[in-house]
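Two complexes, one shared chain (chain A), two partners (chain B, chain C).
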Partner chain A sequence: MEAKYNFADRFGDQVLRCSKCGLCQAVCPVFGAMLRPSYSARGKMLILKEVMDGTIELSDELIETLFQCTICKSCFENCPSGVDVPEIIRQTRRDMVQIGSCHPAFEGMNEVLKNHTNIYAEDEPEDFERERNKKAKYVYFIGCVGSYREDEATMSTLDLLDRLKVDYTLIDEVCCSGVLEDLGYQINERLARKNIDLILATGAKAVITGCPYCSRTFNSKPQYAELNDKGIKIIHVTQFLKGMDFGVKTDKLVTYHDPCDLGRHCGIYEEPREIVRKIAPRFVELRHNRVDALCCGAGGGVRGAYPKNSIAMARRRLQEVEEVGADVVLTECNSCVHNLSNAKLRKQKFRIYNISQFINELMEGTE
Partner chain B sequence: MDETVKKALLDIVREENFSDSLIDLISDSYDASEHKHRPDVAVWPQNTEQVSAILKLANEYKVPVTPRGAGTSLSGTTVPVQGGIVLDMLRMDKILEIRVEDRLVVVEPGVVYDQLEKALDSYGFFFPPDPASGVVSTLGGNVAVNAGGLKGVKYGTTKDYVLGLEVVLANGSVLRTGSRCMKCVSGYDLTKLFVGSEGTLGVITEITLKVNPKPPAIATCTAYFDDMADAGSAISETMRSGILPRTLEFLDDQCIVALNQGTDLNLPEVAAMVLAETDGFTQEGADYEMDKVIEVFERNNARGITRAYSPEEAEHLWTARKSFGGVITRLKNNFIVDDTTVPISKLPEMLTGVKAISKRYNVPIATMGHLGDGNLHPNILYDGIDPEEIARVRKATADIFKLGLELGGTLTGEHGIGLAKAEFMPLEHDEVAMEVMRSIKRLFDPNNILNPGKMGLEV
Partner chain C sequence: MEIRGYNMPEDLYYEQNHFWVRDEGDVLVMGMDDFAQILAGEIVYVQLPEEGKILKAGKRFAKMESGKWLGKVYAPVNGELVAVNEELETNPGLINDDCYGKGWMYKIKPEDKGELDNLMHTHEELDTWLAEDIEKYVKE
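Entry: the complex of A and B
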């Protein structure tokens, strides 16, 4: 018999396989910050189990937990039963959207991307004082957060690329719209088409992305398969910078925050560390690092829908920075930089940068 | 539930610590066992005063209260089987004092075991019981079920470390038990009465625990046995050989088959695998004890003995044991894990007896356990769709309990009675003992509001 909801058809066996052991509570960032069991991966699976049993239906009452997951993938990495909660949540959100139960912020983002080019509905694109859409070896793809919220960081990364004499161009980029798939919707074909056309027009052989989520979207989503088919490589900026010599060092105590999208989702842990160790001989790991890294709280639509809880998650991460006494936290994701910076308390004197931005400032002599 | 009670609860804990939302009522209906029942509300008290006010209210309106930590209990202990209030202690999660000079720590009940371990590490101390769910289970829950763990063979269980408690009684009054001393025989031992009482006598709001200096040296080995009774004998002989290993973990042939199906470990498909660990303050000390263990194992026909010579090698030897929790859930839809414990010398009979029960009822049982202290974990695997299969599972469970008791054992070594074993209580405890327990329950909780329906105390 066909199940009532697609999540049950696609992932029903996994939902039933959850042994309720609760080990995910130890790593779930939403649970960790709020200490509310229904927010944990186990809580979500128990609810879906009851939906499958027919005890309850998917409904607005469940939005509070099912739409409050950063898709950080920690639960999956630590689940002894191999339950792929992030994928189950994505599918369930699609099912909920279909029956008209969706968080208004998620619905809003989908609407915004129907009529605008970016998640913030900003109509005046930042030009970063550079010529766009020219012929070049590389396209540098910034992403929404880097374009409209962390523009100083982006400017700095672009300055670094100039210093390194990289032959790149910016394009009139639009949101990759990968995030919509986390929110219960589909990638926006119009936006995908525009990005592909703009990238192809430059004749570039590779796209360097500042945002690890964009990188992941270009690499894995069928709507962007044409890039791969035409031999265009997609690389994250840390992969691009790895192996380069910058000729600068800092004597500050530096730590590194693994973005979920770069780490658990793409398995890129060592490239950024290689760069950081080169410029910062005094390097220290955070208590939770690599596959165990704690999420900054921004992903999966949570920052937009549950800003207070998102900040609470970021604060937990920053406590770990305090613990090791670092002067500088490096990462390479504008979304992480944005959320961690918003959460930073006045008493916390450390600085938060993207790696590329920090290198540029070292080279400039301002850091 | 009476709206007056809800309103009063809201006044006590405020909106952010109160919920009657469907999502919370569902997630609080479960623990890690097969039992479930929905509560009416969930509250997260912040301090002892709030717990006291909540119990006073519940007692007045005769509303059931089920205290809850991380909800990792395996016997239905935290399932609110009569509805009412789930008292979620997770937000009372502060380590109040660490005083290694007095060998003690004072914690709130919501502190996670692992959180305390990490905090003690820098002092070179540890809290030894080491429950397998320690990364997530709370100390309040550990005390309430008297949790054991992987190091119980040398270090005992939670009860051996609880020096004192603050407990809120059913009428809201606050009781302090025990002392901050290593020795104390002042009056009845009320502390021990609450350890393992599963939230049926009061709500623990503060715990004073004894802590130990942490031995830095460890030796680890694994061994295989072609005959399960040999493994049982090897373990009981080790325990009388004059040394005291800290861990003796056992996996039977069914566990090994499951591991080979679910991992790339490629273990030899023998009757049993044992992991032994010794510790000490010098490597020589730990190695001396391990030499003895290996001597005993060899005498009992062990083969393929592998000894670790580095922490990485030790980690590798642990892989099979640590992977078991993951593979067990993939064999069948459901499993029941029991924790029958027998006197150490009875291990060979118990192990062969469980095999016979598995065969008798045609239900797969994968047995692992912390066998150094006689504690077995038979995992009974079933799909749970066919009523006839469920009936066989029930019979097998009952027979395991009966066998354990016949051998002078106990129904539960470390998980507690909860709902799962409630009906079997009279098998272990005669009418005199049951009546004493019931009268204690009546004394502390005359209205039967505290975790009602558990431990087989209701007539």
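Entry: the complex of A and C
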């Protein structure tokens, strides 16, 4: 018999496979900040089992629980039963959207992307003082957060590419809209088409992305398959910079925060470390690193829908920076930089940068 | 004093991005006005630069954010940042709760207090300005 909800059809066996062991709760950033068992993956699976049993229905009352997940994938990596909670949550959110139960911030983001080019509905894009849409070997794709929230970091990354004499162009990019799939919606075909057309028009052989989520979207979503079909490689900026010699070093104690979208979602752990070790001989790992890295709290739409909780999650991550006594925490994700920077307390004297931004500042002599 | 439905105390000076300034002798206190805090919604982040920062009138010196909006904070006068409201670091919602009191943001030692004259202050100025911004930003 067909189940009432698609999540039960697609993932019902996994929901039932959850052994309630709680290993996911121990690593869940939402639980870690809010200390409510229903917010952890185990709590969510218990609720979904009840939905499958018919004792409760998907409804507005479950928004607070089911929409509060950063899709960081820590639960999946630590689940001995192999329950793919992020995919289950995505499907459940789609089911909830279908019945009209959605967090207003998520619904708002979907609406915004119907009429605007970016998730913030900003009408005046930063021009970054560079010509756009020209012929070049590479396209540098910034992403919404880098364009509208961390423009100084982006400018610094672009300055680095110039110093390295990279033949790149910016395009009149629009949101890749990959995030909509985390929120219960679909990638916006109009936006995808525009990005593909603009990228193809440059004649570029590769797209370098500053945002690991954009990278993931271009690489894995069928709406962007045309890029791959036409031989255009998608690489994150850390993959691009790996192996380059920058000729600068810092004597500061430096640590690295793994973005979930780059690490657990793409498996890119060593490239950024290779770069960081090259420029920072005094490198120290955070207590939770690589596949065990603690999420900054910005993903899965949580920063938009639950900003205070999102910042609380980032503060937990920054406690780990304090623990190791680092002077500088590097990452390579504008969402992480943004959320961690917003969360940093004045008494915490370390600095937060994207790796590319930090290298540029070392080369410039300002760091 | 209520103007067009917003609380706009008459002893304050206002700059065009909806930040108020209060003359407290040697220092000026600065914060966000009622119009802006309502429009922005719950404030979740306020950048609190280090004291001693030199401010140039009209130049951005900090950022703030609500769930849906990123705001830039511009210096209302030339001067030096001498204090910030550290309570906002962990409780930025004070701006929504009490924007003219506990939600104050910065204290500035002005180079020349005469620059306050460049800000809006009279009822007539505020009324015209608010009418324009309500038209521009407030959706029915």
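The definition used in the following text is that the second predicted complex is superposed on the first by the 367 of 367 C-alpha atoms of A that agree within 3 Å, B and C clash if a C-alpha of one lies under 4 Å from a C-alpha of the other, contacts with A are read in each partner's own complex, and residues count from 1 in each chain.
The definition used in the following text is that a residue touches a chain if its C-beta (ideal position, glycine included) is under 8 Å from a C-beta of that chain, and two chains touch if they have at least 3 such contacts.
Since the model is a prediction, treat every value here as computed from it, not as a measurement.
Asker: Have a look at where A:Gln348 lands relative to chain B and chain C in the superposition and call it first, second, both or neither.
Answerer: neither
Asker: Touch check for A:Gln319: first (chain B), second (chain C), both, or neither?
Answerer: neither
Asker: Looking at the overlay, what does A:Tyr148 touch: chain B (first), chain C (second), both, or neither?
Answerer: After superposition on chain A, A:Tyr148 lies in contact with chain C alone.
Asker: Taking the superposition on A as described, I'd like to know which of chain B and chain C A:Arg36 touches: first, second, both or neither.
Answerer: A:Arg36: touches chain B, not chain C.
Asker: Counting only touches as set out at the top, which of chain B and chain C does A:Ser220 meet: first, second, both, neither?
Answerer: neither
Asker: State whether A:Ile311 touches chain B only (first), chain C only (second), both chains, or neither.
Answerer: A:Ile311 contacts chain C only, not chain B.
Asker: Which partner chains sit in contact with A:Glu50 here, chain B, chain C, both or neither? Use first/second/both/neither.
Answerer: first
Asker: Would you mind checking which one, chain B or chain C, touches more residues on chain A?
Answerer: Chain A has more residues touched by B than by the other partner.
Asker: Please output the residues of chain C touching chain A within their complex, sorted ascending.
Answerer: 42, 44-45, 48, 50, 65-68, 70, 86, 89-90
Asker: State the interface residues of chain A toward chain B in the complex, per the touch definition above.
Answerer: 16-17, 19-23, 25-26, 35-38, 40, 42-43, 46-47, 50, 56, 61-62, 64-65, 79-82
Asker: What does chain A use to touch chain C in their complex?
Answerer: 105, 108, 120, 148-149, 304-305, 307-308, 311, 342, 345-346
Asker: Which bits of chain B are touching chain A when the two form their complex?
Answerer: 19, 21-24, 26-33, 44, 70-72, 88, 90-91, 93, 110, 112, 114, 133, 135-137, 323, 325-326, 328-330, 333, 335
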